[in-house]
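One chain, chain A, appears in both complexes that follow, with chain B as partner in the first and chain C in the second.
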Partner chain A sequence: MNALRVTWLFFKIGVLNELQYRVNFVVQLFQSAIALAVGLVVLALVYSHTDELNGWSQPELLCVLGVQILMGGAIKMYIQPNMTRLIDDVREGKLDYALTKPEDSQMLVSVREVRIWQVVDLVSGSIVVAVGLSEVSAGVGALDALGFGVALLLGGVMIYCFWLVIATAAFWVVNMWTVVELFDGVFQTGRWPVGIYPGWLRYSVTFLVPVAFAVTVPAEALTSRLDWQTLALAVGFALVLFGATRWFWRFGLRNYTGASA
Partner chain B sequence: MDHAVHVAELRKTFDVPEREAGLRASAKSLIRRRTTEVKAVDAISFDIAPGEVVGFLGPNGAGKTTTLKMLSGLLYPTDGDATVLGHVPSKRERDFLRRITLVMGNRNQLQWDLPALDSYELNRAIYRIPREDFVPTRDELIELLDVEDIVRKPVRQLSLGERMKVEIIGSLLHRPQVLFLDEPTIGLDVTMQKRIRSFVADYNQRHGATVLLTSHYMADVEALCQRVIVIHHGRILFDGRLAELASTFTAHKTIEVALENGAADLSAYGEITYRDGDVVTLRVPKVETARVTARLLAEQEVLDLNVEDPPIEDVIELVFAQERPE
Partner chain C sequence: MSVQPTAIELPAELRESGRLRSLVALYLATMRMAIQEQFQYRAANYFYMLGMVAEPVIYLVVWTTIAEQQGGSVQGLSAGYFAAYYIVWTLVRNMNIVFGAPYWEHRIREGELNKDLLRPVLPLHYDIAYFAGWKFVVILFWIPLAVGLSLVFDPTLDPRAFEIVVFAVAIWGAYLLRTMLQESLGMLCFWTTRGAAIFDLYMTTELLLSGRLVPLPLMPDWVQDIAQFLPFQYAFFFPIESLVGDLSNAELLRGLAAQILWILIGLAIFRFLWRRAIKRYSAVGG
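Moving on, here comes the complex of A and B:
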C-alpha cells in the first residue's frame, strides 16, 4: 500500500522536524502535568462528597479520565495539527502542491503533520487508565480489552471525520478558528461519562461532536459495561460518517479557488 | 496524440463578494451579500504541440495563473474544454498528475526545516518512482543545477535563488512531460535567472518536455519561447511567434543612426526618442521606414544605421495599452 508508505514517511519527517525543537518537550511535560493534576483534584473533590456517580465508582472514573487524556493526546498529536494546517492552507491558497500530487488528496492532507511530544499525554493517559484499572475489582477480560481497542480506534476515526468536515468547510467559510476553539471546550465534557449529562447535551456530544464514542464507549469497554449493541452502533456510525466525510471533502475540492498568486 | 495541451473556449468565473467600506456596509452585507462575477479567464482557446515552449504573457490579474491552475487540475473550469496529454485535468487522474508538474516561484513545497534530500525521498514515495530511476534522475538534476552541497542544508537556511533551484529539482524528479512554470524566476538576481533559464531550455531539449511558462521578465521569454500567448482581462490578444508580436502591434520601427556630424537636426525625419552624442534614435511609422532610411543615407553623413523593432518590453506595454490590434 503506497498510502501507508507515504504516511510512514510523513511521520518520519514530522518526527525529524520535531526533534529539532526539544524545548517543546519540556513545555508539553508541564502542560500535561498541570492538566492531569487539575483532573485528579476535581475527581477527588467529587468523591469526597459521594461514593459513586451515575453508577461509576472512583477508580472507574479514573479510567474515563485516563481515556480522555489518551484520546486527547492522540487528537493533538495527529488529527488536530493536520486539520488546522489544512484550514490555514485553504485560506492562504497553499493547498496547490498537495492537490497536484498523484496520491489520494484526503490522505495527503491528513498525514502531513505530527506533534510527537504529545506522546507525553499518551503515556500519562495510559498510566491513569492503568492505575484506575488496578483498583477496579472486576478486572479486565480479554474481550473487554479487545472491545476497548476497537472502540478507541472507531472513536478516533469519528473524531477525525468531525475535524475533516470542519476543515473542509473552510473552502466556503474562510474563518473556522472559532469552531476549532469550541472543540477543545466540548472535548472536556469527555472527562465524565456522557450518561451524567441531560439528554440534549448527551446527544450532542454523541452524534454532533462524537466525544462519547471517543471516550465514554472505550471506557465502558474497560469497565465491562459495553454491550454489543453500542459497539455495533459505533461501527455503523463510524462507517457512515467516514463515507459522508469523504464525499464532502471531494465536494469541497470543487470549490477550492486557491488564493491568487 | 496531436497536442500536448488543448484548450477550447475555456472559462473561469469567480464570484467575488462586494461591499462598500465601513461598518454599516459590513452589517448590510451580513444580511444580503452582493457578489460580482469576475471573468478571470474568458473563453480562451489554444493548442500546444509536444516539446513546444510557450510563454504566457500578461499583466497581473490577466488570468495566467488561473489558466495554469485549470490545466494542472487545481481549479474546475466554469465552462469549456481542456485536455493535457489526453487527460481532462479537473478529473485529477493519477496517470495525469504523474506526468505533469507545477512550479510556482512564490510558493514552496519542500519541508522547511529539513534538507531538500529528505523532501525528495518523500516525492519519490508519492510519485512511486523506482529507486533505480530516482537516483540517476536526482543526481543528474543536482549536477545540472550545481547544488551538491545545498541539498544537504535545511531549506530554511537557503537563499531565495538556492531555494528555487532545489524546489525545481523536487518538481522534476518524476520526469514530467508537461511543465507549468508560474514565475519561476521571480525575485531572483540576473545570474540566477539565467541559470534557471538555461536549465529549462536544457531540460526541454533532453526530454522533449512541453513547457508553458509565465514570467514578468521578458528576458525569460525571449530566451526560451519561440511562441508567446498574450492574455489580458482573461482574453487572448495575441498568439504567435515572438518576432511577430512587434509587427502586429506596433505601427513604428526604430532607426538608430550614428552621424559623422553629430550636431545635425534629424527631427524632420521622425520623432527623436533618444540622443547620445552622435548617435540618434528615431521613431518612424513602419510604412515610411524604407523611404526615411533612403533619405537619411542620401542627405546625411551616416556612419552606421540600424532599423529595429522596438524593444519587446515597449511592445508589450503597448499591447496592454491598446488591448486589441486594429
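Moving on, here comes the complex of A and C:
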C-alpha cells in the first residue's frame, strides 16, 4: 500500500515538474507526427509492392505499428527515464540518497521520473490501433480485447525487467550509454511482426530483448491470432524474468560499495 | 628588450604553396589524432555500430520477405540484391556520419566556438579532417561486421574492378557531400536555438529521398523524379549502387561528377552562410 502511495506521490511531482515546460508539448507533438508519418509512408510503400506480409494485411500491420508507438511511448514515459537516471546516479554517486530511504530500493528507483509529454505517443498509438482495427474485417471480440490488455501489461513488465538488468549492470560497467542506443535500434524491430525475422534474430528479440512480447503478442491478440499457449508462455516468462531481475538487483546492491555523494 | 618583427616579403605563389602545405600538415595531424583517440574507444565505437545495424537488417528482412513471397524478386530486385544493398548500406551509412548540424548548437552554447575561432583555420577544416581520420577506424571495425552479415544473409555481389574503384572514391564523395549539407544546416544555430524541428524534417526528407530507406527504384516514379534534382541520393543510393548494381561506366562517372557538383554547391552555400553567421555572432566567456 505504501509503495502505491509513494509511486503516486512521485508521479504527481513529476507531472508538476514537466508542466512547467509547455513548449516541450509542441516539440513532442511535432516529433511524434514526423515519426508517425514515416511509419505510414513505409507501410504504404511495402503494400504498394505486395498484398500481405507473412500473412499480415495492411490494416493488421497498422495495428502492429500502433502498438509499437503505444509501447514506445510508455517506455519513454516511465521506464527509460527512471533507468537512465539510475545509471547516472550510480556514476555520480547519488544513488546513496535513494538507498538510505526507508522504502524498497527497487521500487524507489523505478518510479522517480515521469515524462508526461510522451502521452502524445500513447494517444497517437491508440488512434493508429483504432484505425487499423476499424479496417480489419473480423472485428475484435471481448476475449481478444482482454488478451490484448494482459499481453500489453506483461510486455511492459518484461521491457522494464530488461531495462533494470541493464541499469543494474552499471554497478560494474560505467559506460552503459551505448546500450541505451542499442535498445532504441532493436526496439524498431517491433514495427514488423516478429515472424518475418530469421530464427536467431526472432529468438533474440523475443527472449534477449523482449520486443516480441511487448509488441507482436499484444498485436496478435487484437487480430485474433493469439493462442493460449503463447499467452501462457508470456505469463510464465514475465514471472521468471521478474524474479530473476529482482534477484539480480539485490545481488548488484550487495556488491555495490557506493561512491559517496 | 624588444624584438622588432621583421616582415619577409615572399612572392605570392610561394606564400600560396606554403599555405597549402601547412593545411595538408594540419589535416594529417588532425586525422592521426582522431585515429588514435577513437581507437581508444573501441568498445563504444563497436556498440554504436552494432546499434546502427538494427535499422538496415529490419529493412533487409522486410524486403527479402516480400521478394520471396513474390517468387524471388520485387521490381526485378532479387533477395540477394537486397542483402548486398543493405550490407553495403552499413558502410555507406558509417561514412555518412559527419559533424552533425545539431552539434553546432552545442558548439555555440558551450562556447567551444570561441576557442575554434582563435585558430588560424576555419573550424570546417578541422571537422572534415577529424571525422575523416575517424573513418579509418570505422572502416577497420566494419570489416568483421560485414563478414558476419554476409554469412547470415547471402548477398549477391560480383562487382567489376572499375566499380570497386568508383565505390572507393564515392564513399569519400558521400562523406564530403554530407559534411557540406550538415555544416550548412548547422549555420541555422547562429539564428535560432530551435533548430531541432528543422533537423528532424531534414532527416526525414533525407531518409525517404536518399535510398536510405529503400533502393530508389522501389519508390513511386514521382518520388524518383524529385530525388533526381536533390543531392541526397549521391550520399547514399549512388555509392551503394555503384558497387551493388550494374551501372555502366558512363553512369558511374556521371555519378561521381554529380557528387563533385553537389559538394561544390554545398561548399558555396556554407561559405555564404558562414560569413553572415560569424558577423552576427557574439560570445561571452568560453
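The rule is simple: the second predicted complex is superposed on the first by the 259 of 261 C-alpha atoms of A that agree within 3 Å, B and C clash if a C-alpha of one lies under 4 Å from a C-alpha of the other, contacts with A are read in each partner's own complex, and residues count from 1 in each chain.
To be clear about the criterion, a residue touches a chain if its C-beta (ideal position, glycine included) is under 8 Å from a C-beta of that chain, and two chains touch if they have at least 3 such contacts.
None of these values were measured; they are calculated from a predicted model.
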item: Superposition on chain A - do chain B and chain C clash or fit; value: fit
item: Contacts of A:K94 with chain B and chain C, given as first, second, both or neither; value: first
item: Which superposed partner A:Q229 touches (first chain B, second chain C, both, neither); value: neither
item: Which superposed partner A:V38 touches (first chain B, second chain C, both, neither); value: second
item: From chain A, separation angle of chain B and chain C (C-alpha centres, steps of 10 degrees); value: 90
item: Chain B versus chain C as contact partner of A:S137, first or second or both or neither; value: neither
item: Partner chain in contact with A:N17 - chain B first, chain C second, else both or neither; value: first
item: Chain A residues touched - chain C or chain B, whichever exceeds; value: C
item: Shortest CA-CA distance in Å separating chain B from chain C in the superposed model; value: 7
item: Doubly contacted residues of chain A, that is, touched by chain B and again by chain C; value: none
item: Residues of chain A that touch chain B when the two form their complex; value: 2, 5-6, 9-10, 13, 16-17, 20, 94, 96-97, 99-103, 105, 108, 254, 256-258, 260-261
item: Parts of chain A lying in touch with chain C, wherever the complex brings them together; value: 27, 30-31, 34, 37-38, 41-42, 45-46, 48-50, 52-54, 175, 178-179, 181-182, 184-186, 188-189, 191-192, 196-198, 200-201
item: Chain A partner contacts - residues on chain B that touch it in the complex; value: 14, 61, 65-66, 69, 72-76, 92, 94-98, 100-102, 104, 106-107, 109, 111, 113-114, 118-119, 121-122, 125-128, 182-183
item: Chain C residues within the chain A interface of the complex; value: 43-44, 47-48, 50-55, 57-58, 61-62, 65-66, 69-70, 74-75, 152, 196-197, 200-201, 204, 207-208, 213-214, 218-220
